[in-house]
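Everything below concerns the one structure shown next.
So that you can tell them apart, the chains are marked A, B, C, D, E and F in the order they are listed, and the count of residues begins at 1 in each.
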Amino acid sequence: MARTVVTLGELMMRLKPPGKLRLRQAQGFEICHGGAEANVAVSLAHLGVHSRFVTTLPEGELGTQALRFLRTHGVDTASIQRRPGRLGLYFMEEGADYRSGCVIYDRAGSVFAGMAAEDIDWDEAFENADWFHMSGITPALCNGTRILAETAINEARRRGIRISIDLNHRERLWSYGIGACDVMPAIIARADTLIAGRGDCLACLDMDGKGENGSPEWAASLSQKVLAAYPNLERFALTIRASASADEHDWQAFLDTRETQVFSKLYTMKHVVDRVGTGDAFCAGLIYALLERQPPQDAVNFGAAANCLKHSIAGDVNEVMVGEVTRLAGTTAFGRLRR
Amino acid sequence: MARTVVTLGELMMRLKPPGKLRLRQAQGFEICHGGAEANVAVSLAHLGVHSRFVTTLPEGELGTQALRFLRTHGVDTASIQRRPGRLGLYFMEEGADYRSGCVIYDRAGSVFAGMAAEDIDWDEAFENADWFHMSGITPALCNGTRILAETAINEARRRGIRISIDLNHRERLWSYGIGACDVMPAIIARADTLIAGRGDCLACLDMDGKGENGSPEWAASLSQKVLAAYPNLERFALTIRASASADEHDWQAFLDTRETQVFSKLYTMKHVVDRVGTGDAFCAGLIYALLERQPPQDAVNFGAAANCLKHSIAGDVNEVMVGEVTRLAGTTAFGRLRR
Amino acid sequence: MARTVVTLGELMMRLKPPGKLRLRQAQGFEICHGGAEANVAVSLAHLGVHSRFVTTLPEGELGTQALRFLRTHGVDTASIQRRPGRLGLYFMEEGADYRSGCVIYDRAGSVFAGMAAEDIDWDEAFENADWFHMSGITPALCNGTRILAETAINEARRRGIRISIDLNHRERLWSYGIGACDVMPAIIARADTLIAGRGDCLACLDMDGKGENGSPEWAASLSQKVLAAYPNLERFALTIRASASADEHDWQAFLDTRETQVFSKLYTMKHVVDRVGTGDAFCAGLIYALLERQPPQDAVNFGAAANCLKHSIAGDVNEVMVGEVTRLAGTTAFGRLRR
Amino acid sequence: MARTVVTLGELMMRLKPPGKLRLRQAQGFEICHGGAEANVAVSLAHLGVHSRFVTTLPEGELGTQALRFLRTHGVDTASIQRRPGRLGLYFMEEGADYRSGCVIYDRAGSVFAGMAAEDIDWDEAFENADWFHMSGITPALCNGTRILAETAINEARRRGIRISIDLNHRERLWSYGIGACDVMPAIIARADTLIAGRGDCLACLDMDGKGENGSPEWAASLSQKVLAAYPNLERFALTIRASASADEHDWQAFLDTRETQVFSKLYTMKHVVDRVGTGDAFCAGLIYALLERQPPQDAVNFGAAANCLKHSIAGDVNEVMVGEVTRLAGTTAFGRLRR
Amino acid sequence: MARTVVTLGELMMRLKPPGKLRLRQAQGFEICHGGAEANVAVSLAHLGVHSRFVTTLPEGELGTQALRFLRTHGVDTASIQRRPGRLGLYFMEEGADYRSGCVIYDRAGSVFAGMAAEDIDWDEAFENADWFHMSGITPALCNGTRILAETAINEARRRGIRISIDLNHRERLWSYGIGACDVMPAIIARADTLIAGRGDCLACLDMDGKGENGSPEWAASLSQKVLAAYPNLERFALTIRASASADEHDWQAFLDTRETQVFSKLYTMKHVVDRVGTGDAFCAGLIYALLERQPPQDAVNFGAAANCLKHSIAGDVNEVMVGEVTRLAGTTAFGRLRR
Amino acid sequence: MARTVVTLGELMMRLKPPGKLRLRQAQGFEICHGGAEANVAVSLAHLGVHSRFVTTLPEGELGTQALRFLRTHGVDTASIQRRPGRLGLYFMEEGADYRSGCVIYDRAGSVFAGMAAEDIDWDEAFENADWFHMSGITPALCNGTRILAETAINEARRRGIRISIDLNHRERLWSYGIGACDVMPAIIARADTLIAGRGDCLACLDMDGKGENGSPEWAASLSQKVLAAYPNLERFALTIRASASADEHDWQAFLDTRETQVFSKLYTMKHVVDRVGTGDAFCAGLIYALLERQPPQDAVNFGAAANCLKHSIAGDVNEVMVGEVTRLAGTTAFGRLRR
């Protein structure tokens, strides 16, 4: 495929006790790598898109291991820098039934947090790029990465590259004196596509829909507000999650292209394997479908099916191929053993 | 117990990533052994029946390991041959929620595929045998095993041994130029008991029932057709599976003895541990119950309860004892910890 | 917290095959430690209570390992003795779906079974104690531990320490010629708080409620009987479990303080991680709440939420903090990932 | 092969922490099964001998698991009884370098300790037997098993079966008031072959050789004493072990057939994988070679090579075939990868 | 035992790939906890000494897990503080044969690095203390911990507590603008016991011995210099390591009490299990022996035997009891299985 | 680095039981990927060389997994084809001490065995190539791969690319009616560099040296013969291995450039982690050094040090960087922990 998607962000190592053990019970950790924008890049690579991930990784073994992760999945790593410093980490405790899982970030002072806009050769980073994707996490980390994020948006825009933003609000991260509300609106104002859930809209945009949470009325009214406030946006994708327990989630998306408003299929997942990265899987699925010029209903269904499949895959990234997503999006017979 | 059941088929090594990992994510494999007819033999051994398995295994460590598997479970291995060659393998990816599992066969050119009817001393293989069981997999592998399967049926019939056939249709296997439709009818025409699901009947017999799939009308009409077409059959067991996801399956069987038509209990399994070999577990349960001269309702219930329990057991074989099956078949209180 | 709770009983090593494997399939065991009263002590320590566990452990490595378990969780081990002898063990097979789990005790002849009332310095054991908790397991083991249990109750009572008894009936254990009915009533007659389920009441007290099992009428009538028969009791907590399968349990408690009768919230657990020790988690939660002088409704809710969370935690003990229990007791939004 | 060897003794489950972890560090155990005479039976089965093991195993899952172990290795289990009771256990800590390993027996009160001579149908147990092997462990357990051992020897002798005894002295076991010195001489006096090390001879026979420990003079003089004191013995095999650390052992055997006195090759093992069962591997190798009528030098070399290989194999039993032992006994080029 | 030893330092989580895997190959980590002074505290607790560890640990799950580690081993944790922040980490790659292992510290910005002298209630920390031990790592971390270390020494000295310093030089850590040479001499000048290897003396004291490295002449001359320069020192322990490969180390210590100069036994370890913490194990052994008033030769032998045993134990801490150390120190027969 | 090395061959999946378990004991397999020429390509990538691997991999998950392996290590996979078919496998049993390891190939009928010379676009495969490396395994597989190998040599030669051949003789593979002696000489006659051990020379060239095996005289005389018979060769590297056990190997190489004859350092490895791929590690090291224009003594030392390090690394490939090899080649202090 000739399309090139670029994403920029932090890649962390994730450390998780096996199975349903709590962190305090752990005798060891399973590790994988992840980060919102890296997850999107990896998922796109699995979907056959040429995806390039821009970041800084530490010199030494832990940076090499992180780089190998990206190469394993076929991501273009040519624009990745290596600097002395530490790798961002996060510890994760998987929830179970009524017990919530949790994430403990240990990413302060990472080599990525010290990355500056000047470190990047933007021509190289955006070479042949059709699409640039970023999340609200990078500007949340520190003032330096905020500037980095804003510069990236500007550089992409200057080159006429399409831009998508996943709000991805993490309250705990915004701790350097500036709030999401101060930063994100200006970033959104330069994007083409916005992806967000209700909590993201409340925290970053101070907007909510009218009517019962999750209802068509509510979705339409929230979407209208967002699109009205940000006339640059071509489309707004609203993600809707409900969780009955750590193992059981409902997920659906709503896509408003100003012309059409469509809901995706609603997936009711009762045996969640790994909830992390499911939002990123939707972003990747949606970007893929939009690059493929799928009509809105197909595009949002493709993204939702990608999201649904991610719930069944261990790790942060969505290791599924186009055929698998399409098959799920088009069927109502689930879970047969293929042999 | 004085009853002897003989089964014939291929025994493979199964390689599966731990837990819900995809094959591409695997860093290692859990292994077990299995094969439709071997699974029946092992399950019968656990039910206390003297069961003999006839096959060819390779010389060397991998054949020895496979033989040990059978001995561990108490299967009579006296009629098993060892030849130079390779062991059939299959790789398995466990499904999860909306993601289907899959099986990748790597059994072409195995030592069993090269087994010829002449290799077997049929008098020895069928010594004291009361029952012979075979599935539709052996004739599907290659022309040689087709002849082997047909010979086995003839040799069993010549000795007056009761014969059961599990259609067990695998579309991908029939690749040597002859189709299931060309072969299976003649085999069924020499059997006493036929076990099949809807897909098997469609593919091998070109028959389906009338009415809603899974309904009593449908089952009765399909059964009538089958028994009408194959007057030799004493009974036909129709298996009915519905899967809501990879983790949630409904399962039920319908038994038609020409005199009585009965449904088993319907089991709704919501936390499937291992779906492989559940059909074989039903075959073994039904054969056991029939050898025990249980009335049709009890027999089909016993088989269905055996099938239900297999869904909760890792590996291809049903490691449950008669008491456990009977207890499940007779209760409505499930899952209490016994202490 | 200034409160001190003392419990007395046997601490065993538990040996369990990984995941859903049957005992006969095991190639290794995961181990943890547990025992009804030890579980209560550990759970209380996690809730911030000063809890002291009284027992005898064997000299040598296995006793040291058991002692480490208690120290890890912050239990006061100062009153624990070491003697030559063996550690009580139990083997556990986890159930799955329709297959029941089971426990095989291998605790006969343990060093605890040989513990005598004279071995204990009761002044030391009960120093600063506000509450003493014991279950019906200790008197079930052998005549010596029956006397030990009765002495413990008397010594606690003599010192004016509040006493709770969890009936915890295990039919298989009462094998030394005296039955639960002969022993438990006298013990209950000296307690302040009784915790029991329907089976316990039937077996030890020969009492049942009227009306449909689990209904408010039934609970009230059973409670009335119990409180009438044992005028010393300040309160009776009735636990109500229903299991749809090994993975799905409903759990609720009913608390009767003679003045008020309240049901806890009903928790419907669909993905049970470890069912063992859930009753003990309720006991610990209830004791904590009562020491905190919570009103009955809050107290029974706190205990039920603790019980609910224990279902999601591997091992015998409830490694949750007060905040987690309170959060669950006060919410209806379950299973969100905290990050 | 037409030869049948019978052994009698206790089969235990072994529980060992992974790798070099100490028992107190263990979070889980690797399990296998073993026992001196069972190890000999299994090793002989691997060498192609028909070997029958006589014992009592508990009813229930743990006994079934033990039985499966024997069947896996092809041992004849027809004379094994199942009784209610517990399985003997032992915990093992592997040594490392300068740190000694240790074994903690937990076998008191096992179902085998309760086995009586009358429980056995000796005609069935010794059917077609050419050889009977027993160790000094069975008489060490309790008075009942002492009588069982003496009866077994008498029953074997009455039938003209050849008898070998491995002294296998375990000081800690003789705790029922009778000492090895009181029991073993009478047993040896009815055997044809005796296998022992220096410590065994000292403890059971109060005999030692003259000269430097391990020297030819010492071996010859000790052997002379033993054969003089026990005129019934056809041969005496003296085993000589020296350990530089837990990982490095030297091992050699000396065989005296009254006519010839020969040393085996000396093996210097520098990377011991599992030291347990190495003596039993020698017994099995020697018995095999004697049944094969190998001359003394070949026989003792075969036994020593079997012993050497066992040091490289995890678990209690020697899973090697005749060809492997012969190849090692005949080569000086060790450790090449065969491909 | 009435003696109380206090140590102060950082406790980190160690993350290590299983077995001999390189960091870049890791799919998961085994975890344990360690830190020079914490290791000494834990080792002393295993030797039966009352040992108190003073540090700051982060709030939250990772701090709780670290605290549990200390409690598991019976260390007095009463003087440990919890603060918001991160836990120090280190990643470890185990060497193998000719491949060196390596440690990657990720401890910058940890909660301990932010600990200030004022945070500690010194009366409480040193209550009943007989001995205070610290290493050269704490002053190496940052300026704040340098002041903390110096304050601790002064506070201990003020109270007349005996003081031991392990130089433990880590070149990579001294990165805040002040060098070891600027700091350590003043600390040593207030201690009673100094423990160091050749590299430590060169880097921190700019001193070396005369003659061949490791020779008696060399050791004596280096010791003389040290004791001459630091007249406050009662004794100097010089540790001597030589490594032939990652798996094979020689280790010996030399103790100079001004009155006597003695070498310990030399241990030649050929199968090192875990090299980390062996120096700390020597410190703990020496402190124990000195508290026990053992004569110099016995004391240095006890310390060396403790060091030797640590090489055979996985993790940072020396989980051995007094009897094990004494047995090794007094024997020349190594590695026999005790059963 | 601007240099490009191309290798061509089969990439297999390796399946190995954990640790020292025998194949027959396996309950699971650790997997990795390897193959002589793929190993060289991966090792070169770790050394910073642009390396391209040419092969055919199967469609489907197992082929994707193999491809990921190559991408992980940074190998250029642009010339790899995907076809329907099976992946070559090999099972491996690790030796231990006196027990030899073994390899069981299961590669017959693989998709690579069906690869034809016409399948490859040689211009693309050899684009920018400076060096082509191949082993004697590809021509050994079947007649088709023999032609493939010969074509590859011709195509490389036509383009003036330097060619190295590692004889790598596997007796068991040459089973299609043509022998190594019939094929390899013509291949060598077109190469620049030949790498071989004594067994390879005997089997493929029918040549041996004079004098004691491994001695300088022997090496020189064998080298002379080879260089005389193949005047095209610029250099001959003779590899010399001696194994004392499965864990202890000596390894050295001898390089004859017609002008100079030099031995590398001799490495005595006493704790081999993984012996597979050590020869390939030497090839890669030598090729790297020659591309770097190192003088013969340095080049052979670099190759030998790379080989030595590979013995300490699990898996088939040598995951070491230039700095690590150089450091080992230049030191005599081994195994210190770097921290």
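What to note about this one:
Just so it is clear, a residue touches a chain if its C-beta (ideal position, glycine included) is under 8 Å from a C-beta of that chain, and two chains touch if they have at least 3 such contacts.
Computed from a prediction, not measured in an experiment: that's the story for all the values here.
Under the contact definition stated at the top, the chains bordering both subunit C and subunit D are B, E. Set against the Cα centre of subunit E, the chain with the most distant centre is B.
Distances between chain centres, each the mean of the C-alpha atoms, put F farthest from subunit C. Centre-to-centre separation of subunit B and subunit D, using mean CA positions: 42 Å.
Here the spacing of subunit A and subunit D, counted between their Cα centres, is 63 Å. For subunit B, the set of residues that touch two or more other chains comprises 22, 24, 27, 68, 102, 270-271. Every pair of chains in contact is given here: A-B, A-C, A-E, A-F, B-C, B-D, B-F, C-D, C-E, D-E, D-F, E-F. Across the complex, subunit E meets subunit A through its residues 15, 22-24, 26-31, 60-62, 64-65, 68, 86-87, 89, 91, 93, 102, 104, 106, 108-109. Those residues of subunit D that touch subunit E in the complex are listed here as 19-22, 24-25, 95-103, 105, 170, 172, 243-249, 270-271, 275-276. Those residues of subunit F whose C-beta lies close enough to touch subunit A in the complex are 68, 71-74. Looking at the complex, you find that subunit D touches subunit F at residues 267, 269-273, 308-309, 311-315, 319-320, 324, 328, 333-339.
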